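Chain lettering (A, B, C and D) follows the sequence in which the chains are written, and residue indices restart at 1 in each chain.
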Amino acid sequence: MSAGTLEMAILDGILTGGVYALMAAGLTLIFGVLDMINIAQGIFVILGAYASYSLEHSFGIGLFEGLIITIPAMFLLGAFIEWAFIRRLGEYNRVSMSILVTYAVTIVIEGVLLLHFGSNYRSLTASYVTQSFHVFGNYLPKIYLYGFLLALASVLVLYFILYKTRLGVSVRAAMDNRFAAQLVGVEVKRVSTLTFAIGVAVTAVGGMVFGAVQPFTPNSSYDLISRLLTIVVLGGLGSVGGALVGALVMVVVEDIISVAWTPTWATLIYFAVLVIVLLLKPQGLFGQREVRAQ
Amino acid sequence: MSPDISHDTITSGSETRTEPAQILCLEKVYGGYGGGDVLKGTTFTVSDKSITCIVGPNGAGKSTVATAISGILKIREGQITLDGEPIHTLKPREILKKGIVQVPQNHSLFRKMTVEENVEFGGFLIRDRQQVKTRFEQICELFPIVKEKAKIKAGALSGGQQRLVEFARCMMLSPRIVILDEPTLGLDPQMARSVFRTILEMNKSGVTILLVEQNARAALKLSSHAVVLESGQVRLLGSGREVLENPEIGTLYLGGTSQKQ
Amino acid sequence: MKSLFKRSKQRRIGFVIVPAAALLLAACGSGSSNASSSSATSTTASAKPIQIGASLSLTGDFAANGKSFQRGYAIWAEQVNKNGGLLGHKVSMKILDDASSPTQVATNYQDLITSDHVPLIVGPFSSLLTVPAATVAARYGYAMVEGAGGAPGVFTHGLKNVFDVSYPVKDGLLPVANWIKSMPAGKRPTTAAYVTSNNIFAQPQIAPAQAIMQAAGVKTVYNQVFQSETTDFTPLADAIAATHAQVAIISTTSVSKVIAFVKDFITQHYNPEILVGTNGVNQTAFTSAIGTCNANGIIQPNGWYAGYDNTLSHQFVKAYLAKYGGTTSQITASSAEAYGVGEVLADAVNATKSFNQAKILKYLHSGVTFQTLQGPVKFNSKGENVDGVVLGFQWQSKGTKYVQILPASDKQSVAPLFPKPAFCS
Amino acid sequence: MSLVNPTKSTKRIGLLLAVIVLVAFPLIFNNPTVTTIATYCVMYMAIATAWNSFSGFTGYVSLGHAIFFGTGAYTLSLISTGLNMSGGFPVFALVPVAGIAAGALAIPIGFVALRTKRHTFVVITIAAFFIFQLLAENLGFTKGSEGVTLAPGGFAASDYNNPFYYASAVILILTVFLVWHIKRSRFGLQLFAIRDEESRARSLGVKVDRVKLVSFVLSAIPVGMIGAIWAYFIGQIYPQFAFAASFDVTVALMCFFGGLGTLAGPVFGALVLEALQRYLVLSLTIQNLYLIIYGLLFLAVIVLLPEGVLPSIKKQISKRLLPTGADVSFNSPDSATSGIPQASAANKEPVKEGKAL
């Protein structure tokens, strides 16, 4: 192993981590505002990938242009699912129920995708998918860089919404204290729907980049969602910045172990790191310390 | 309104006016969480500019009344009116716009935000930023602690300080009615006295107070009116003093007969 | 108002009763089919049709290959019927879905044997499911001819009823290794990188090939096993690229992983002289993902391809295109493997003139050679196909033609592209 | 099993009937397919009951109980092959050993995982699950991805399934008995207190951490034992099947379907869903349709019967039979006996969680 390989591994990790961060950002927002675990985030990403695929293959719409259609479409789907199912969850047993509801949503979407697309691998193609930039003696794959920049832009947009708009103020209030937000006049129900919809909408972007980087089938969502969940917990539930850091830690740790030692144990080491971090800091890297009620 | 609540000529406490208007009425209200009704035909009224205290045992539905009035809990049957207009069909924020503000029992501050941000949040419904600023200045005068701790995260304040910030926040909208749910819960006696003092001041500034208080003896002394709630039904209505001196109520809820302490 | 309310409640309860009823149906349905037993040994021409049972992964992880198998079996049944059936019986396939689960595959074969009383069964897809399936079959004395259970693990359990018509998995890379060994010393590559997923199909292929190549002086510069959970293959691919190995061998069970490696090789401008993927290289998913032109020169070992010059194979290809349409390149080796399973089973039935499992088992173990579309098949005592031929295929003509190149001695093989041309983009 | 306000004697008769049906089933329906499905049903009934006794009672959703299933499976497989056991009944003697192994492993896992709060707990159990699956795939003594093959049971083909059925049935009965005891004990009360409001339970002197850990370990043991029987039944184990990612969600769905936190719910849910799923897979010709049907079924149940099937039916029936409004369901707040002031009876304030607290 040469030093250059390790540097490349870290750089790869950062670029890939950005994409995971974007998918996880939606998940962590949904968690923060709706106090639920959205198992369906993985299948939304895959759905986003299939949406880009369909536009590309049926209408010849490019990957980036297609986002103009897929983002609003995923937004509406998210709003519908929140309205139809999530809203009915009570406070009682909320965590368990949210896992079950979103799992049910997952298998329905998976079934529909399987019926329509079958179980063969698909991938998104474009000329730049197999091209790279030559910088400092290293080759940097274009799609990773584009994906990273897109993810970064999307996270910035999320930040802008969160910190510069009235909706963002409501979202942050609802994340901080749902009940209090209601007391000062925040329409928590509406904010919940919008947050869920936004959280799902970003999967259109995440799915597009995911699909361009690796092939997918309707079954691909399960590995993805377990990764995303560990990322948001590592970063601290509800923290968008935490999701960014969590994603980077995940990918970079695995990449370094893969290259410097062996890929056999890389995944295991990441999970071990996660467990150790949570042991030392149960609220995650950027989570708020839990304050015991009364 | 209903005939059984006509004996509000009794005056006591800080207010000594006669025949004040009934601004808030609950009529045969039924409702609760999930499993079943907590409120089972609750009926009473609140007089304008009064301090009305709701007492009763645990589980009687005192806090439920508070969340029902502020619209967070949707009632199943009956009606709640403000100045004769039904409000139980409205969304929480519309009720808020009508001037009914609640300070709930559990800590309701945004812990990750500063005191200043918290209080400003009280004016979330005011779209005019300038107006929020002006109102904030006024609140700072009423509640010096807001100015003192403006840049401190609300989560870092003591329990009593948090209460005062919550009061300050609820005053941002210049409310007509403030519902206080157990404002002295978990506070030491000195802090509790300070909270009661603030409540009296708020009341003097023209705000109607609906007070749910476990510390019933102290609260009743402060109150002009009292409602005794039991299993979601009104057991007794009267002035604060009447209830305080009622021998049966005293034995049951106030921990002994109503001797002067 | 009240009655409306009540009615809606009734509907809710009715909704609940449905699954309970389904359970009862399941119990009764399976129970009642006991009555219909088929006496299968009759040889009269007007005999009643028979069912041949199989469990395939039509959903779940192995679904893509499971469906290819389903097609192969279907075409075989059609061909058999065209030629008058098996011992005069028309045949039909009874295929159950095992959702890629070993629990389900066992249940399915049990159901086929004990409830449907199928006289014959054929194997499932994947080595992972073959052992549970064969264990159940063995309990009832059934032979299990199969085409996708070639991992070494399948043959080490002393099962006497498994017969794999495909070549043993561990032999997969031998033609490539032998080809490299046969090159003149000056031309022969000197360094090789191996990467494999931790899987009973992928991993066993590496060591035998590596041994041959090392003996021929090809140094191992990279050799790693990765987990199927791995999310990001770029650092591995980059590490291989950094070794500048002249031979790169990627052993996986899923096309997605070989795509990930090759894509990264392209972006890294890493052009090994020989690039081998053990699985998926022939699929359209592969060529469309990396670009047709980039596939040029990439090699995959396999037992069969649609251009294979064999009378039985031609028949199969013709029947496949007639039934499913499309082009020859869309016919997967999995479909052919399934078809081959049918051919062997039919030969055994015809030779013994019976559906008696004991006789069939004895015949399969007798060391006779069967002719299939994949070439000759002969079973050793473990059920491995000792005559199984591994062929090597390569994308040529800028990725538009998939041709046989190995073994070089075979008259059908064309000259390999060596060294592999550089990637196009 | 009378559903409505059962008296003690009807309850006993119901229980007796259930046990008789359980014991007699494979003798009456002796078709191997039916007994195979029945065996899996009994296995999942035991697993669901055990899982529910922790996750349903405490509200901590574990998605890592597959670890204990896999541990049980590997314990039996490795010991029986290590000792060159040739099948037959002696292998079943290893089932309790597998239970102990699973329970022992649950101690450190629970100790670590239960330090976190509910949402994090879910994820940490997923992480733990992957760690153990990866260990099974890569450690030498587990034989890695090659898997472990056991000696066949060697029972007669005609009733091959029966030993496995009855072994699972014994575990099921023991588990139900254990959970029934837990449910009506002080220990069970503490678990429910933790589910409803952990901080309040703590302030009332419940040793929350210890109680949760004990419950976690107890729930792991039957799962490990069933895992062992499963391994022997199926004859060969691979890491990805012994440690199956979908295991816990499947079990959670069963528990929820029947009624989370109840005793009969998980048994009922496992029975219906396991049978239904096997039936759907066997009978549906359009592939993947069963996924959609399964998913929609759940969404419908969640929307229409949010407490699960059994509690909802119970409520409906009791409402119809007792139209006076007296509430017999166990979840509803205390019913009022009006007139008499009662300071102690009604101490159940509705739980509303200020989530930021």
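In this section, a contact is a pair of C-beta atoms (placed from the backbone, for glycine too) under 8 Å apart; a residue touches a chain by one contact, two chains touch by 3 or more.
Keep in mind it's a predicted model, so treat the numbers as computed, not measured.
> What are the mutual neighbours of chain C and chain D in this structure?
Shared contacts of chain C and chain D: A.
> I want to compare two interfaces, A-D and A-B. Which one has more contacting C-beta pairs?
A-D
> Using mean Cα positions as chain centres, tell me which chain lies farthest from chain B.
Centroid comparison gives C as the farthest chain from chain B.
> Rounded to the nearest whole Å, what is the centre-to-centre distance of chain B and chain D, using the mean of the C-alpha atoms as each centre?
Each chain's C-alpha centroid was found; their separation is 46 Å.
> Using mean C-alpha positions as chain centres, tell me how far chain A is from chain D in Å, no decimals.
31
> So what's the Cα centroid distance for chain A and chain B, whole Å?
A distance of 43 Å separates the two centres.
> Hey, how far is the Cα centre of chain B from the one of chain C, in Å?
73
> Residue numbers in chain A touching 2 or more other chains?
90, 92, 114, 176-177, 179-180, 264, 267, 291, 293-294
> Give me the residues of chain D that touch two or more other chains.
130, 134, 138, 287-288, 290-291, 351-352, 354, 356-357
> Which chain B residues reach two or more other chains?
34, 104, 106-108, 110-111
> If we count contacts the way the header does, which residues on chain D are in touch with chain C in the complex?
So the residues of chain D in touch with chain C come to 29, 31-34, 36-37, 40, 130, 134, 137-138, 144-147, 149, 152, 157, 160, 230, 234-236, 238, 240-241, 271-273, 275-276, 278-283, 287-288, 290-291, 297, 300, 304-305, 309, 312-313, 316.
> Which stretch or stretches of chain B touch chain A in the complex?
34, 70, 72, 91-93, 96-97, 101-104, 106-113, 121-122, 124-125, 155, 169-170, 186
> Would you tell me which residues of chain A are touching chain D in their complex?
31, 35, 37, 84-85, 88, 90-93, 95-97, 99-101, 103-108, 110-112, 114-115, 176-180, 222, 226, 229-230, 232-233, 237, 264-265, 267-268, 271-272, 274-275, 278-279, 282-284, 290-294
> Of all residues in chain D, which touch chain A in the complex?
55, 59, 61, 63, 112, 115-120, 122-124, 126-128, 130-131, 134-135, 138, 195, 197, 199-200, 202-203, 245-246, 249, 252-253, 256, 260, 286-292, 294-296, 298-299, 302-303, 306, 351-357
> Taking the touch rule as given, give the residues of chain C at its contact with chain A in the complex, in rising order.
Checking each residue of chain C against chain A gives 59-61, 63-64, 67, 198, 224-227, 229-236, 238-239, 242, 254-256, 259-260, 263-264, 266-269, 283, 285, 288-291, 294, 423, 425.
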